[in-house]
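The data blocks that follow each hold one structure.
Both complexes below contain chain A, partnered by chain B and then by chain C.
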Partner chain A sequence: MADIKTKNHVWLHVALISFTVLAIYPVLWVLALSFSGQQSVGLIDLPKDPSFLERFRGILPMPAHWSIKNFTEVWTDQDFGRWMWNSVVVSLMTTALGVFLACTAAYAFSRFRFPGRNTGMLMFLISQMFPGTLMLIPLFIIIVKWLELGNTYVGLVIVYATTAIPFCVWMLKGYFDTIPYDIEESALIDGASRLTIFWRIILPLAKPAIAITALFSFMTAWNEFILASIFMESELNYTAPVGLRFFVGGFSSQWGYFAAGSVIVSLPVVALFLQLQKYLISGLTAGSVK
Partner chain B sequence: MASIRFDNIGKSFGETEVIKNLNFSVNDGEFMVFVGPSGCGKSTVLRMIAGLETISYGELWIGDRVVNNVHPKDRDIAMVFQSYALYPHMNVYDNIAFGLKIRKLPNAEILKRVKDAAELLGLDKLLDRKPKALSGGQRQRVALGRAIVRNPSVFLFDEPLSNLDAELRVQMRAEISKLQRRLNTTTVYVTHDQVEAMTMGQRIAVLRPCTENPLDTNLMQCGSPMDLYDRPDNIFVARFIGTPRMNVLPARLSDDGSEVELFGGRMPVSAQFKEAALAMRGREVMLGIRPEHIGADHEVDWKQTQPLQGQVEMVELLGHEAILHFKVGEHVLTGRLHSHGSLPASGDTISMQLKCEAIHLFDKVTEKRLR
Partner chain C sequence: MNLAEHLKRSAVLGIGISVLLTLVLSTWMFHAEESDLRLQHKQRLALLHTNGLALAVANISVEETGKRVRDIQKLDPRIESAIIVVGMQLVASTRDEDAAPRQLKREEKPLFDLSNLIRTAGETNRGEEVVRKKTIQIDEKPSGHIVVTVPYLSDGQFAGILQMKFNTEAAEMFSPLPDSYSLPLLFLLAALLAGSLLRMNTDRKVDVAKLLALGVFLAIALSYQQQRLNRIEQMMAQANQSIAANYLATAEQYDRLGYLALPRDSSAVNLWDTDHYQRPLGLIAASGNVSAKAQAAYFDKRGGFLKRILASFDLLGLGVLLMFIYGYAARTFSALKEHADAYTYVAPAMIGMLVLVFFPFLYGITLSFTDTTLFNESLPFQDRLIGWDNFKAILGDFNLYERTANGIIWNYQNFYWTLLVTVIWTVSNVTIGVTVGFFLAMALNTEGLRGKAIYRVLLILPWAIPNYITALVWRGMFHPQFGVINQVLQMFGMQPVAWFDGVFSSFMTGLATNGWLSFPFMMVVILGALQSIPKEMYEAAEVEGADRWQRLRYITLPLLKPTLIPAIVLSVVWTFNMFNIIFLVSGGEPGGANEILITKAYKIAFENYQYAYAAAYSTVIFMILLVYGTFQTRVTKATESF
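== the complex of A and B ==
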């Protein structure tokens, strides 16, 4: 019995380890590249006729020399700091607007019965079925031509919020539905208004869902490239992903900056995940009813 | 404090009418229990008093005003839910204080009131705890605390004990009754448990699902527990109140209306039914008799009895007594035996006595008590 088990485990582990390597290898490569202090995509210079060992060394995600030159230069010599700031502003504004509108909309969808309720939810769902780029031209016409909000934070925030909100509403509505209605009725009798109930009872109870929603909104804005590259024409207004592309697009191939920039861009997301994970616990409503 | 009056009230959910022509009142300071089977509308009635359900027609009075369109928060009521409905993210203190904070009472006053309520309910050591760290009974007490702290004119309870275990239920039953007597606040208590109703209510309203008849109402009878037990207005109440249920059997009034014929035997009509029986003489009626009024030959010494011969179907031993189910003709009757004698076994033939003065008579068609 033990043998069979061990044998199975060996293959299971081989399979799992292979996929793990597949998943983290590119990340390690980017990390190595960012700390290599050089701009070429290869980590070491291979001799003309490399031996097997040299080839193997070539594919190891390990720079020949360790250096933080790429990081310092990307901040000092390039506009990267500015682009990061643009991303931070746009993402935070998108998160604030997205979460606020999604919470209020989801609460209404969850608790009130009004004409168009089901249609509204369905429209939100349908809007998620099309790729964002499909809406590129109409959005461009509305935001840039009509509202003249091209090249502004507000324009981009509106675009991002509209793409993030449908998912957030569905997510939050699902969560609000699980909060027992008795609690609200009890608060109603205690003398609370709808708004008080929303702020003081529902939102604190929905923290886990709001955390996920906020994270989703933030990442929608933080990682987005295509819309930002269309709406932000001036180099000063680039967001970080657009700026990153600037390093390796067209005539330049500054892979070192690109890698260092990528690492810097992912840090806030990692921090946000760590910060929000304490809310991502289930059972916050335990003990309320029954 | 306030009285509550239902003035011909009805409630429909879409096409379905669940409450019809409800007329009755709860007196100031009274403990009124609504009891009835599932779907009889008792919770709906309570929620209408709370303002959580709209009223389709009729007028609801609390004190001296019609409250049909008054917001729940302005009705000066407090409600305890079956699920307790505590605020899970607040500790016990904040749960109890929430209503007072909303009403913007001074902090010192809130502190005093919450402390008083907590002390009254034995929660003073638990004020910092979250609901999830409390037992069922403690949560129920917090829900009670939240209700009493506001000092409302009406308490509403929606099956508050149904989530507790049997022992705790008995204990909380007594505590709620005691609390109500002490505060002397008008109370409406909904339950499906007739034992709870009998032990707690000063008056009981028995409800049942309404029929299609437009003149019908959900209210079957409203009266003191012993009123309902001794003089049920109809077969529904007769069978609903009392465990085990009352036996209801077809019988016939004699041609002169002085006797009832049951299973071929005859017994005199008791004084309270004399007049009605005379008017209905020769007609078929329904006869009700409680299990405690059917006893074994050797165990009872009632003055006037009617012998019954039957075959034992089942004996339920309860310790202090035994419930006997036995078959007479095609009817299964329930009787009571002392448990310490020798108990009959299934299939045995047994002879029992029926206490003649204890019979109830009902109209066969309307199912109403003869009077």
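== the complex of A and C ==
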């Protein structure tokens, strides 16, 4: 052990640094592309017979000319601002609804023993295996044809919130189980109602797990593009993911806009993710191992 | 005896609720069926007159056509107007202001388009030798008018269209039977009366009162349904009589005017009374007689489906009744009351799940037993039902490869090929994720390593970025001409690779992308588990003289297992259904060879529009995952018990 310490882990650092470079290269590449001010997928124009060094320059994630043109144009010339707004509204509404539904259900599963409890939990688990393609057409029929919620935020929100429920409930229930029951018991004896206990004791104690649930619900809505592309017919109602795919899917190749849009879309989730990552391990393991 | 005790012994609640349920459901079904019949009758009547007119003006000169159309319209006040369009010409019209014949005006272009649509529909049907496209169009106007468009023939060939506006308000409908609710109410009262008279013995499993209750339920439900079924049959007969009368009256007028001879031969086919594909219905003979045999067969077909649905309602009601008789309902009720708190908390999520997860799931399963496509969506459900055919077509197709002179050619569209690709895809991805995640976690767990926090944040980054963005980014990096990866290859003097053209290279693009975004999850999970292993265990092992390998083998791995196994199960399910990566990076290229099951199902549904086939495909995917899940939990439980 002692001899490893004196080595300062040089080789370990070399290995870790090279792997980290590999891991973040695509991120740097998108960043470079977004600041390149052009639409091509290549960062610089290579001369006809490029030398080793010229090629090396080509793969360095550095744009030939720095410019914020892609950012300004994607915001002004394209509908991207509108799409971002749609995504923000849908995701926040999904988070609010999803956390509410998951917290109440998880509390019941954790604290009450009632007929149908095990069946309910099992059903939640099995529903995780339902292939999305099986649900697409029925959901389209229910939301768009029957409820006539196509092209609305509400239609997407209720579908996203319910699809996120099972995972959130399992995770939260695992966490609620670790909160000692004694606290509640003494509160009950003191005459507190179930609702007060849930609101005043359980929820504040479960903050880390709720944070993860919120993140998960938010990401479900923020990152989904298939349902959104089916429900939202008019271009103005696209969410950001549908819009981003619109830039580089099919026959269009506006890589610059795509890169700039991706950076804008990713920033909030990456920030949230890194903020909440300290809860990530405890939240995930409490739910899955128990 | 108190009320609760009384209710427990009386059958009134059970019979009342089960009968009410069955009656409401049946009435709703009959109501839908009867309004459907009325609508059908209206359309059939309009079509009958249009077909007749089309026959009377077929294959004659243009002037004569114009005259006959106007004459016939004057004969029947229900015919609001009729026009004939051939190409860009308005050949005949009953409206004087139209001043036919003349060129179509610009705003009448839809008529020209409709004519083309009907012509191509007829050609498609003849070409395919099946009847798939409607050659007759029927539109219902909000004013109550029905507009029917049929092909107009000249020299025995399709020439144009005849469009008739028919006024059904003035048309004497077959007298609709009163749609009253007194009949079901009467039946319900009878049920309540019978129920209140019956006293059940709660101590015995079977007693006379229980049997009687079941008998009363069945008698009431079945006799009510029979009543309504008779009414449906009566309505059908009336509809046929009304059509026959209309037919005879009009055909006789045509006969008198010398436009069209009325066939006296009773075996001749009636060409007036057809379906939307111009196929004679055969319910009414050319002589105007209603064919009793055809009518009975028609009723059997339509009523047969109805009866099956009614039987399912009966079973439902029977189940409810049994629940009441044997006290399950009472117990469920008291459970609901006792655990009201719990159910209130669960209800919002449960209702959401039932409506938006479980119901669509069951709907999808049902869909998989039909042959629904984009084109026959509007057909009634019973016409689309095909049983297990989709599953037979998917699972029974072993046409996996073809032997040719140039070797074996794989059939990439085959289910088993896609399954194989999916399994290889899942296994290789999870292996990569676990291996890379494990080594990185071990590295980051090294004591005294500097910059741990920075490494961790940077290495977690691929997980944080939305995976569809990752997929599109990697698609850009694999770009055959400008992509970074080919640039690197060329930098070292290698040839660029057309990544999406080869089966193997295309598979690698997906693998690289998914590997990149899935290792952080494993890393984080394993790191968490590693950190929870007490250091004392290693120290003790070291004192005992265990080397690094032994410490890994006997301390680290066994203690990782409880965390690792659920994580692996989870990531197997995720990877198996990892739609975004395959769909966005390689798109299953080349030629669908790298499609996984879930992307294949999507393409069947949204590129081929075979909704039902896609649903069956998805059902198979679900079954595979379910079997895997059950098997995995068994194995895990078995290993845990050691």
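As a convention for this text, the second predicted complex is superposed on the first by the 248 of 290 C-alpha atoms of A that agree within 3 Å, B and C clash if a C-alpha of one lies under 4 Å from a C-alpha of the other, contacts with A are read in each partner's own complex, and residues count from 1 in each chain.
Note that in this section a residue touches a chain if its C-beta (ideal position, glycine included) is under 8 Å from a C-beta of that chain, and two chains touch if they have at least 3 such contacts.
Note that this is a predicted model, so its numbers are computed, not measured.
Peer 1: A:A187 contacts which: chain B (first), chain C (second), both, neither?
Peer 2: first
Peer 1: Please determine whether it is chain B or chain C that touches the greater number of chain A residues.
Peer 2: Of chain B and chain C, C contacts more residues of chain A.
Peer 1: Scan A:I201 for contacts with chain B and chain C and give back first, second, both or neither.
Peer 2: first
Peer 1: Please work out whether A:S266 is in contact with chain B alone, chain C alone, both, or neither, and reply first, second, both or neither.
Peer 2: Second partner only.
Peer 1: Based on the superposed arrangement, let me know which partner A:F130 touches: chain B (first), chain C (second), both, or neither?
Peer 2: It touches chain C, and chain B stays clear.
Peer 1: Is A:M84 touching anything from chain B or chain C once the two structures are fitted on A? First, second, both or neither.
Peer 2: After superposing on A, A:M84 lies clear of both chain B and chain C.
Peer 1: In the overlaid three-chain picture, which partner chain does A:A164 touch, first (chain B) or second (chain C), both, or neither?
Peer 2: Neither partner.
Peer 1: Kindly list the residues of chain A that each of chain B and chain C touches, one partner per complex.
Peer 2: 284-285, 288-289
Peer 1: For chain A, which residues are in contact with chain B within the complex?
Peer 2: Against chain B, the touching part of chain A is residues 180, 182-183, 185-193, 196, 201, 204-205, 284-290.
Peer 1: Write out the stretch or stretches of chain A touching chain C in their complex.
Peer 2: Against chain C, the touching part of chain A is residues 1, 5, 8-9, 12-13, 15-16, 19-20, 23-24, 26-27, 29-30, 33, 40-42, 50, 52, 55-56, 58-59, 100-102, 104-105, 107-109, 112, 114-115, 117, 120, 123-124, 126-139, 141-142, 158-159, 161-163, 165-166, 169, 194, 198, 219, 222-223, 225-226, 241, 244-245, 248-249, 255, 258, 262, 265-266, 269-270, 273-274, 277, 280-282, 284-285, 288-289.
Peer 1: So in the complex, which bits of chain C are touching chain A?
Peer 2: The contact residues of chain C facing chain A are 332, 335, 339, 341-343, 345-346, 348-350, 352-353, 355-361, 363-365, 367, 440, 443-444, 446, 448-451, 455, 457-470, 472-477, 479, 482-484, 487-488, 490-491, 516, 524-525, 527-529, 542, 562-563, 566-567, 570, 573, 577, 579, 584, 597-598, 601-602, 605-606, 611, 614-615, 617-619, 621-622, 625-626, 629.
Peer 1: What does chain B use to touch chain A in their complex?
Peer 2: Touching chain A: residues 50-52, 72-73, 77-79, 81-89, 98-99, 102-103, 130-134, 136, 139, 146, 150, 163 of chain B.
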